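Notes to accompany the following structure.
Note that the chains take the letters A, B and C in the order they are written out, and that residue 1 is the start of every chain.
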Amino acid sequence: MTKSPLDGRPLANLLFLLPSLIIYVAFIFGPIVVAVGLSFTDWNGLGRPVFVGIANYTALFRDPDFLTAMKNNAVLMIFYCLVPLALGMVLASVVSAVPPRERLAVRTLLFLPYIMPSAVIGIVWRWLYNPLFGPINQGLKAVGLGALALPWLGDFTWALPAVGFVVVWYYFGFCMVIFMTGLQRLDPSLYEASRIDGAGPVYTFRRITFPLLLPEVRIVLLLTIIASIKSFDLIFTMTRGGPANATLVPNIYMYEMGFQLSRFGYAAAVAVFGAAAIFAVNYAVHRAINPKDGV
Amino acid sequence: MPSSAPTAARSAGFRIVLWAFALFAIAPFGLLVMTSLKSQPDLMRGAFALPSRPHFENFVSAWVDGHFSTYFRNSVLVVVPVVIFGVILGLLSGFAFAFLSFPLKKIAFALLALGMMVPSEAYIIPLYYEMLYLGLINSYAALILPQIAMSVPFATFFMASAMQQLPTDILEAARIDGASRGRILMKVILPLMGPSISSLALFLFIWTWNEFLIPLILVNDDSLRTLPLGMLFFQGRHTVNIPVLTAGAVLVILPVIVAYLFFQRKFVEGLTAGASK
Amino acid sequence: MKLRQIHLLGIGCVAAATAFAGQTSVAAAQDVPVWHSYTYEAQAETMRELIASFVAEHSGVTIDETVRSFDDLSLTLRLALQAGNGPMVTQVNQGAKDMGTMAQAGLLIPLDDYAAKFGWGAGQSAGIIDRGRWSESGQFGEGPNYGISSLGEIVGLYYNEKVLEDAGVALPIENFQGFLDALEKVKAAGVTPIAMGTASGNLPLHLYSALAQSQVDAADRGALDDLIYGRGGDFKTEANMTAAKFLQEWSKNDYLLSGFSGISGDDAVQLFTAGQAAFLTGGSWYFGDVQNNADIHFMPFPAPEGVSHPLSVGGVDMGWTITSLAKSQAEKDLGAEFIQHVVSPAAAVVWARHGYLPATSLPKESDVELSGLLKEAIVIWDDLNANNALGHYIDWASPTMLKTVQDNIVLLMAGRQSPEEFVGKLDADYQAFLATK
């Protein structure tokens, strides 16, 4: 990497970094390290923690609820990552069909879900899904589809997809906007060439647009994967992980272990494992998607 | 923008699809606002039924019963310092990552990335004890300092990537002129970072405004609580009174929407500029 | 003359000084942090009234009130006390998780002396006071008492008189068989028999427990007590099995609100209040919501024939306690006086006036306006106490019992688990807990 014209002596350079680093280590990294330490202990919040080695971790792998949580998270990743990504990409490609003024309005509206506090969104959607008062079931009944008016968030099979649906709603505008920028950086002459050659829109999309958008795909995947493992507020306010752990995810499990059962050591182990999982998946995505050209 | 010159019909079709999705995106808010204007008997008549008259008293009720004036004030008192310091620190360390070399740079990078990936639930208990030892429990400092710290990683990377896109000749020229780095940062770089700064500020505003775990655990006093927490608390007391509950939700969401609509153009530009790195 | 004047002046000064000193020593105000969980509007109002009257009677004392929801209180209380922070007087949940662990860690102060002094618990069955007891060795139900409560709680059967009459049900319902007959008649009339919502809240738990414990006579309560106090025993009882069978049958055969798995407990209560179902099994804490419908009445859950004093699930709400933050005797005494202020017969009148069931009996000569439901509840409360027939919240049996019940009861109700399996899960949880003691 070329030396930047602004570079200087390392020690002087560090001065720029120091304030951020100090406050970050003090209030984030320090506590994280302590939490990792806690994961090797047994502690109920009173008295001193008792060192137990890797007992928490071995217990994790045999814990059926934890394994359910991991499985649910894997399924939810489809809704967090793949569906919004696909939707976002497709919508970004067709947004050119809309006049520029409207484009701005559409973009604004589609992005709106993302800026809401997820706790409030959970409350809103829980009401939307209410089997008796909620608009969704009332709407279904009104159009004669009453048979589909299930108790969504209470159904063992449909609770997870119902939650996933909300997640898609939350993220797809965000993905679309990222792809829109990506598209802006593409060279229109490529498309001219293929159009002259008689290529249809689907072919164009598959062979030209998609490969060139790989950098954006990588970013979107990274961000949404992180979001999926960090998810808490949204799912917690909608279902609390129920019914019978059908929508339990590792973060909610960690909350239950720590804040409800006061098993802080075990909860810390769940947290550490979750973070490790994010790292692993992100690393895999990073390696798998290597844009050939581009950024 | 690539144009595959779609036919008029196809174009109209795409427009319909897009607007349908846009409607899908905001429909829940529409219903939320409509419900907040109903009375409880109105509710029973059906989710889509319009209220006989708008019941603005729901908002008054939420504001007063829900102590929303206190929570609103607190949210503002917390958000402003967090955003200001988050941006300043982001500029400083972003500058370091963008242009400077220093030992263990890769490790520092990973360190900061770690903070973005670990959920706050994981380290909130150790953080609580730390605040206790520092004597900061139940104070605005307990709300502000950790959230500045939480803003640091994203602010750093965002500013760094935005700075790296600046034309290097200007920077070289300034350096040749003998200006110190601090001066260059302030006089040359800063003025060019307008859009990026405002989008970063907006992001930090949204995330800090919406944060609920930190105020929940680190603060005992009702007089220090922030808005989302008040909302959560309010829900516990009013699950039965849905119109007032939804009115409360609207009150919590409104400032964010206003800020977003105001800045949204710059916001999206900045987001995509930073994210494309 | 001059001397006398000086004398008088001197005496005057000294008098003034002592009076002033007396003023300042009282005005060196005592700030008492108090935490509680009375979040519902009417409850909060009652507390405000009680606090105001306490402060009026104790000049120089201010009460620093913090109100937290049930879950928040549980978490933040232990963190705060552990760190030497937090309240001097607080409500704390009975059971192993909160009161038990905190008492053992020395964070709470035994109340027996104060109880004797103020007469706390008079008129309540001994069983009630026992629920706040924790011995030094960590045995529940024995040893010093760490919590005295303001309010009583009964889980009983709410019924809508009008709906029942319209369906041709003869009131009053005498026993369990009568209840089953009533269910059939209501169902035949096209009305939902039982209001239920399992998406949140604990309605299924309460229905289940009420069913199970109403089959147990007060004379035979020993086994249940042992179970809850962790002395041993078994969940696989006849009563528990029968209750599970009925619950499953009712869920499968449309005796409950349709779509109940997606309805919250609070919604179910609202629907019941609106006349959408004939019965609701729930706690007396719903009085505030339900009393808007004058057709709704409250009775103990009907027992099978032959059980003369059936147990009704119930007890007292969270206990008031003094924490280790009260260091001096004066502070402890002040804390005790505050507790007395919110649990005394005079306080009972205030609670009753706001619609709540006090744990302490109302003074005979009080002329407070009681809602119909409250009158019914007080009669039941006195009767249950007199016969030692207050049952238990089974989630007290172990720290994880509540989650175990919540997870498995929905499976039972969906038909994905047999009654035997369900009761087996509860028992497994309990035995695992016993093994760790």
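Methods note: contacts are C-beta pairs under 8 Å (C-beta built on N, C-alpha and C of every residue); 3 or more make two chains touch, one makes a residue touch a chain.
What you are looking at is a predicted structure, and each value in this text was computed from that prediction instead of being measured.
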item: Longest centre-to-centre distance from subunit B, chain (CA-based); value: C
item: Contact-richer chain pair (by C-beta pairs counted) among A-B and B-C; value: A-B
item: Whole-Å gap separating subunit B and subunit C, where each centre is the average of the chain's CA atoms; value: 41
item: Interchain centroid distance [CA atoms averaged], subunit A/subunit B, Å; value: 16
item: Overlap residues in subunit C, where contacts from two or more other chains coincide; value: 75, 79
item: Contacts with 2+ other chains: residues of subunit B; value: 125
item: Junction residues of subunit A - those touching two or more other chains; value: 45, 133
item: In the complex, subunit A residues that touch subunit B; value: 3-8, 10, 12-14, 16-17, 19-21, 23-24, 26-32, 34-35, 38, 45, 87, 91, 94-98, 102, 104-113, 115-121, 123-125, 127-128, 133-135, 138-139, 142, 169, 172-173, 177-178, 180-186, 188, 190-191, 195, 201, 204, 209, 215-216, 219, 226, 229-230, 232-233, 251, 254-255, 258, 264, 268, 271-272, 274-275, 278-279, 282, 295
item: Touch list for subunit B against partner subunit C, complex; value: 44, 65, 125, 128-129, 132, 137, 216-217, 220-222, 233, 236-237, 239-240
item: Residues on subunit B engaged by subunit A in the complex (per definition of touch); value: 1-6, 10-11, 14-15, 17-19, 21-22, 24-26, 28-29, 31-32, 35, 43, 46-48, 89-90, 92-93, 95-103, 108, 111-112, 114-119, 121-127, 130, 145-146, 148-150, 152-153, 156, 168, 171-172, 175, 181, 184, 206, 209-210, 212, 228, 231-232, 235, 242, 245-246, 249, 252-253, 256-257, 260-261, 264-265, 268, 271-273, 275-277
item: Contact set on subunit A toward subunit C in their complex; value: 44-47, 129-133, 149-156, 239-240, 242-245, 256, 259-262
item: Touching residues on subunit C, where the partner in the complex is subunit A; value: 71, 75, 78-79, 82, 97, 101-102, 105, 107, 198-200, 258-263, 267, 271, 399-400, 403, 406-408, 410-411, 414, 416
